[in-house]
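The two complexes that follow have chain A in common; it is paired with chain B in the first and with chain C in the second.
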Partner chain A sequence: MKKGVAITGMGIVSAIGNSVEENLEALLTSKSGLGISKHIQTHHKNTIKVGEVGFTNAEIAKKLNLPKDNNYTRTALLGCLAAKEAILNAGIKSISEYKTGLISATTVGGMDMTENYWKQFASNPEVQKYIWSHHAGDSTEKIATSLGVTDYVTTISTACSSAANAIMLGTRLIKAGKLDRVVVGGTDALSKFTINGFKSLMILSESNCTPFDANRSGLNLGEAAAYLVLESDEGVALQNKSVLAYVSGYGNANDAFHQTASSKTGDGAYLAMKKALKIAGLQPSDVDYVNAHGTATQNNDLSESVALQRIFNEKSPSFSSTKAFTGHTLAAAGAVEAVFSVLALQENSIFANLGFKMTMPETGLVPVTQLQKKELKHVLSNSFGFGGNCSSLIFSEA
Partner chain B sequence: MKTCYIHSVVSISAQNSFFENDTVSEIQEYSDYKISAVHPPYRDFIPLSQLRRMSPAVKMGFAASKKALEKANIEQPDAIITGSGLGCIADTETFLNRLIENEEQFLTPTAFIQSTHNTVAGQIALGLKCKAYNTTYAHGSVSFESALVDAQLQVEAGEANNILVGGVDELGTEFVDYVHIVEHKQKQPIQVPLSEGATFCVLSSEKKEGTVAVLKAVEIQSKITDENIVTEMQAFLKRNKVDSSEIDAVILGNNGDAFDVYYQHIEKLFPKTDLLQYKKYVGEYFTASAFAFWMGAQLIEGKTLPKQFFARKPESKSYKTVLLYNQFKGSQHSFVLLTQC
Partner chain C sequence: MNIKLNIQAWCSVQNGTVICNGKKIVSTDNEQGFSEFAKQVYKNQQWEYPKFFKMDRLSKLTFLTAEILLKELTISSEEKEQLAVVLSNKSASLDTDRKYQDSINSIENFYPSPAVFVYTLPNIGMGEVCIRHKIQGENAFFVFDDFNPLFLKQYAESLAQNNKAPQVLCGWTEIDEKGYNSFLYLASPNGTLPHTEETIKKLYTQS
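Then we have the complex of A and B:
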């Protein structure tokens, strides 16, 4: 049986670190990155916890050697940083040597700049450079430029499942032989737009989120960028590359229930996991660990729990949500958690579901609450979003 | 590998493209810098209770997708794939303005939850109760073509039989003006109106009665220099085993800006072929190239397009192979080949 599509490199910047190594260190020591925002001037600053990347925009721009008059949004800056690490990690020296694509995910695109300058766009020539950096494709184009990718480049925006769909599409393009190599992932910066959006939905937690807990009180927003390098078997063999893990399964389904809420039966989540298992050729019992979507909203965690019980026939494998480390990083979440899933396989470790105290009465499911060492062969990762978009990925050991 | 058939193509645009008999007979001329689509009476397609809250993008997407499915005689597609460059910009503007004006206080969530790029695809799925594969591309001028690539991949691999694919962008009220301001500081800015529209189609692995055309090839490429565009076009045709002499019509995305030089190079490559342009009449927006897809299907179906679309028409003939090419500011190039089935 084919193992799937090879992952040969990873890069990440999140609230728990600016590299794969730093993220792993925080995961292994159960150190959350949630806190009060330093960079965003929001009215709600002191009443919410967020997962913010430590670097300022100026610091990242300096690392990327950008000219002073650049029009990079924070979404683009974070994306470039993480994508560059992924390329370095994959040992890629010449991008054009193989047919290489880039698929990046984002929800807010350049909103972090747009919201600051919206009322000045008409009159202030100095900020008008950010008009063209608003649309979702802009950060992707800038990442492509910084990596030197000129071929197949696109952006996916399916709310909080975006990056999972980017990984899925990349895997399919490699399988179909359309590309030799593809950088896949997502990036989203914190913005007042999303903070106030989730606030108006009354699903923002004032304290650190507690996924799957009976008394969970909502989510923390985060910002991050994470990318994986996927390569064809031929490419891996020709270059004699070491493989970090494989993308072995993927599934995408729509809950078709409500624009923002998940159904009580978790149909979308159930169908996405079922498809992913089928593509991977695995039985539910083959899954050793589920990195759950687990945002810590009342609605998601219950719906996802029900879906987990349906797919795993009441015998749920070990599971945890890592949202209490990073916050919910929206479009980037699927890629952040893909990196974490690969790290889990490499380290044979299940990362802690921080903050959990009391079992949900409806399901009785108990996540892994402390770092647990366990031999892992297959990890399933869920990402769900507005618009009913549900996606599941399965990562298998190299 | 399976053939990717096109069962229906429906387009809402600034021309009267949506109505029976599904073709534009008279061209509407525009002189404004921004123009709206010719909106059909949405209450014929959407229950009034839902219509009230829907933004133009959702309305256009809903109506166009409904008609595309009807024409293809499909109730439940196996996948819904959309492309939208700016997503739901009208609701984005609404929420952003309230956020700023109310200083982040007393906000209601409706505009926010409808502001995401995947709102149209999500609402279509909700309307159809369709739990199948569902995704949305948001990559500037290749948003629609990215959706086509995904759909073609699924059809060719036998993963799905009938796929609903669409491209949609709405005008909004403010951002479009900001784009206009910065654009007109350029030496040679876009010369056509900024606009909106929705084009939806059903792609299928099966050939059946009424099948419109075949989607023979679709490719996107991020960066090509103008000197290299002819070489890349030739390589695209060669990869897809089509000789340039077989092309009966070329539809180009000229918008009058400095980057039209790309189209001029392509024109020279096909000196005797019918040449069509459309952005003067439907405007420029990130998914405007989906209108060219509709035009190409019209030609292959043997329907007549108004003479204004033809920049060059040496003789009347039937159209067996149509080539579409579009780019935006020298980036986001797309190549599409449509053939008779």
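Then we have the complex of A and C:
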């Protein structure tokens, strides 16, 4: 078995907390962060539950010491907050000391500001600054600037598997010796654009989502940002750093089925998990816990369950979806759940799959419904995106 | 490991004509537009895949070229599962992007249809081919000023040599207001034509 690439720092801001510590506290006490939106003026406000970060934009801007005339979108604000925590957590004092990269995922980019101001873009010079922060790369550039990263900066947007793919790319760059360390993760703010989009697909739940339940009624959207610091073995040894966990496996595969739906047989998910196990040099039976994608849509949970049964030969390890804590945070989800997977390894804990009541008749799979203490060595985390972009990551204990 | 790739088969489509491995498969009146031509090929080939008619023009072009090429080959479903796809063009999906933007700009017929929106990316046609044939290897779509045989050659070789895929479906699939042309080939250890920049270029230009 190969050890993988070291994780030396983590940062997160989500509906269940504004730091790793706060997130862990909510996970250990099974406290969901879902509720009615406070920050978004949408017609659907009272009919949907969302996973919203508590801070207002002004509060975050103040924390980041931004000038009044800044053009930060909420996506960039959340991203900077979480990435700074990750750097601090990794004990990095000088970014330029080692060759450092940033790979950040987002799907919504600056849409939160654009949808507020686009009608004024032509006439109001004061809001025109947000035209420049609309594109998906803007949040990445702002995070890179705030951290001082210049060696390698890139953005990944592959729907809901974006952050998992950012982690995968970062891991590969470290393995290939292209970088000494890399900050990887994702950020997505809530916006009317995503709320209305998912609403039109009729997959938004009106109540708290219930992943893997027979009567699941769709997903809750969430906003979050989460980042991990990955470092080369040489860097870890030279600095005598403590390692939180390792990224030991990764796989990405194409479901080749439909533009928005997953195949009933979970082909992409199956292949992604298979590839991740192969890279990690692990057998399916070595996996102690699966942090599932589990969005609580009819389609995903069935497809993912079938894929789990295929890869684990009907003997599925303990699994749960943490989407009922945070909502589905889209491009950030892979990084949010990477942080949760590392916390699971550190705490030897499996977090609860909140809201589950009844087993799906098609598969009979039962997730872990209450916090469970168990010795964990390897955790597999799934993230599947529209377009059949399926990714799996494996995290192993330090 | 040094794996030598050959061009096992190729297919080109332009000016109302489909040529596969040097053989004329379909030849129609060049005056008709692409959509009419595509419909004629569909009927001629007796495909039963109604989803074809939902596709945008770039996807139809990509799909029909791949469909004819893959039919000429004996390639198992296991091989298809591992097949990589590397396509390219000049105009990305601008043909459909414009159509979609027109539907947003139109005051009388304002309706940005999701059915059009989903095709506003150049790699969707590639996805349609993958869906049809259950192709699950690596795939990528590149945008260049011109047909770039050296890039295709090097990318396919890199995929083969790094054990990412034993075979690669490569090519160019381009459509805009001025016209259309596509050229796909299968890079594989099988076949006899050498997978060189010169040969790729020659097949592309002569077809």
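Here is the rule we use: the second predicted complex is superposed on the first by the 396 of 398 C-alpha atoms of A that agree within 3 Å, B and C clash if a C-alpha of one lies under 4 Å from a C-alpha of the other, contacts with A are read in each partner's own complex, and residues count from 1 in each chain.
FYI, contacts are C-beta pairs under 8 Å (C-beta built on N, C-alpha and C of every residue); 3 or more make two chains touch, one makes a residue touch a chain.
Here the structure is a predicted model, which means the values were calculated and not measured.
Following the overlay on chain A, a clash is recorded for the pair chain B and chain C. Looking at the shared chain after the overlay, A:I156 reaches chain B, while chain C stays out of its contact range. In the superposed pair of complexes, A:K192 makes contact with chain B only, with no contact to chain C. Of the two partners, chain B and chain C, it is B that touches more residues of chain A. Of the two partner chains, both chain B and chain C are touched by A:Q259.
In the superposed model, A:T42 makes contact with chain B only, not with chain C. Comparing the listed stretches 26-34, 62-70 or 332-340 of chain B against chain C after superposition, the clashing one is 62-70.
Judged by the document's definition of touching, chain A residues 200, 253-260, 267-268, 271, 387-388 lie at the interface with chain B and also at the interface with chain C. Residues 200, 253-260, 267-268, 271, 387-388 of chain A are the ones touching chain C in the complex. Those residues of chain A that touch chain B in the shared complex are 42-44, 102, 106-107, 109, 114-115, 118-119, 121-122, 128, 131-132, 134-138, 140-141, 144, 149-159, 165, 169, 172-173, 176, 178, 192-193, 196-197, 199-201, 252-260, 267-268, 271, 385-389. The residues of chain C lying in touch with chain A in their complex are 114, 118, 124, 127, 130-131, 133-137, 139. By the touch criterion stated above, chain B contacts chain A in their complex at residues 80, 85-87, 92, 95-97, 99-100, 103-105, 107-109, 112-119, 121-123, 125-126, 128-140, 142-143, 146, 149-150, 153, 156-157, 175, 177-179, 181-182, 185, 219-224, 286, 331-332.
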